[in-house]
């Protein structure tokens, strides 16, 4: 079977989201296709925060958009709350999507500049006819309060009058308006200033606890991921390299790519500088991925086997799954 | 929407001029003038600023002011109607194409590109000839019929111009995350287009529509000069066409409509440009 | 230790419709020869303006710069624009956050790179091309000959930044200003670029001012750090010293608010509440007072003076960390 295996799947009744063998292709030019996500499986259990990390272009955004069916994947299953979204008729999909809300990277572009904050937050409530005018207004005020904004000061202003951090708060309020079960965050703090990042991360953690949310969190920043996740998945060129709880992954990475990624993170402590060999070059084109292990062209541990056979995910320590022929021990 | 900074003097002049033209077009018939078709048998080819004929008369004895007011009504009516229709159809096609993508978009952009590749006037000329095939040139055709043919032709000329603008703007706005957010909260495509795309695309379209009015006025005049527009001086173009015959003895018969037409086109261009630059600076902020 | 650039009491004001905006305020910094100096701070704290003002790159009638900047024996603030420009390339050079906007999109890399060599060093066309290729190899671009013929959009972000570095070092500058050179890049590419800069500095004996918002980047790549807040340098010290013994409450708060890979997962971050003060209405006292957990009454009324510890550690605070009240 193509793909990176399914050993990491827990198949419990608590799974909020289960993705099986998901493939997303883009056509580029004449009869060429890019496999942005390639036979990927994952599951997210209730209350957990699954973080997906990887370099830009590895398919993180494509993956979450395919989960939301925006656009639908080329093949594979996306089972949310027991229903396969890929099989749902358009009308049912509309309502199913509401329990899965998204926070985007660019806080400015995620809010329509022509709408006031009141209109922005009222929109989801209006579409689904949630309550009377007065009830909706009360809900909007509550939502704004909960994300730390003063309703009276912000209701009639538009997105471009706010800072990035404030826009992100508005986005979070809007995402929570329909009481979703799951929050999907695509680089929600990458565009924000260092001191604002912490505010938004803490807000997300707080919202997750108070609303009993399950989260899918995409980021290229390993430090941010460590602070917020309960399970981490490392991706490279549309495939999974490693899945593990954060403390295990960060202290004992088993995949060579994970280790290289961790070694590149600058540590704010002059006494703790690691200067091992760096990852050389940049990821190869996803149009023409290397045979066998996709990481082999940059891997220090590569052998002949790595070019011939694709490694499958397997458990190397409790809860730690790695797709590598020669994992680091 | 555009009130955040003051207009310059040329812009104010343009606005005033267009206001005047619009006034003449709408209320011109209520003004206390004799019909433009009234022939002043005793005043043939009178120069401007003569008593009773502020803009003079032509060699047939038609009063030029009365003619101009009637011509303004016709030219403005044709231009505004064609631009409105072209804008409506063009933006509907362009927005749909850009929003749906895929085959629809490929077909639509190809059509737009073909339309744009043919020079405006040639296309309009061809369209008028085709649409007017069952009209015998030698027979006197009712003016309303010629006007319809002209409007339809000019509308078709405008569709690719405005359609492409709408398509481009839609492409850039529908890529924004707020559109994805609207989808993920369960909004229907039609609602997304109406609430999120159209309001953002509209300002750009309005700016271009002003430029298009200028293009249409010139096209209409050119067609009339070529003899396939509105005959008998019922529009600016018609007046210019007829003025050519009087050029030798009464040059003002030609100059006056040309000046009106030129100022009007310069004004629409000026306003279109101002709107566009306002829009650009605002968009940069957004 | 000799200083390559010394900035004395430099302030920069911009005239804006909303009044005078004080972007940089009374900055005093020595950049020692051969060293790398980090400049950190939140966005809007004045990092970029400080660097550009020091280089004399801010122009126009709305800019008012006061103070003195001495570079390599030249008093830049007393020189004409033309004279300062003579120093670009061989004296000072600069690289930017977004190399795509800094490169001309419609010209080939080779043309852009060789142009400077021909103008500055009077090289012939073929010599300049040959040298361009060498420079691309110097910044570790594989397949340099092909890259010379490419357009900027055909290169990845990391490659474009390498090209920018090649352009910057073409005339062997003594001081390189790097303004967030790796912010737009992936961590792995960032690590490569930072390593390249370290090696080039060594080989070319070049000093560097590295502007960044990332304290991690500072920790591993600089000898000195200047922490900026609301237009001022609020702390300046050797990097090791600064991390071991912070005096400035702001620096401490900044460090505590960033997530770190070397901390346990799920560690709650401490937050710096609020935002930078409005640059058109600077408060009378310490700009950090509303957000500072050590603030006393004096902080809101009196502007803190610059203090220097005997070991040269400079900070601007009435109640520095580690000092008994």
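Details
First chain written, first letter: the chains are A, B and C, and each begins at residue 1.
Here, contacts are C-beta pairs under 8 Å (C-beta built on N, C-alpha and C of every residue); 3 or more make two chains touch, one makes a residue touch a chain.
Small disclaimer: the values here were computed from a predicted structure and weren't measured.
Judged by the touch criterion defined above, the protein chains link up one after another in an open path, with no loop closing it.
In this structure, the chain pairs A-B and A-C differ in their number of contacting C-beta pairs, and the larger number is found at A-C.
Separation between the centroids of chain B and chain C, computed from CA atoms only, is 54 Å. For the pair chain A and chain B, the distance between mean C-alpha positions equals 50 Å.
The mean-CA centres of chain A and chain C are about 32 angstrom from one another, to the nearest whole unit. Against chain A, the residues of chain C that register as touching in their complex are 42-43, 142, 156, 158-159, 186-192, 194-195, 213-221, 239-240, 243-244, 253-255, 257-273, 275.
Across the complex, chain B is touched by residues 65, 68, 70, 94-95, 97-98, 100-102, 104-106, 108-114, 123-124, 127-128, 159-160, 171, 174-175, 177-178 of chain A. Note for the complex: chain B touches chain A at residues 176-178, 180-188, 191, 195-196, 199-200, 285-286.
Listed in rising order, the residues of chain A touching chain C in the complex are 55-56, 163, 193-195, 197-199, 201-202, 205, 220-224, 226-230, 245-247, 250, 260-273, 278-282.
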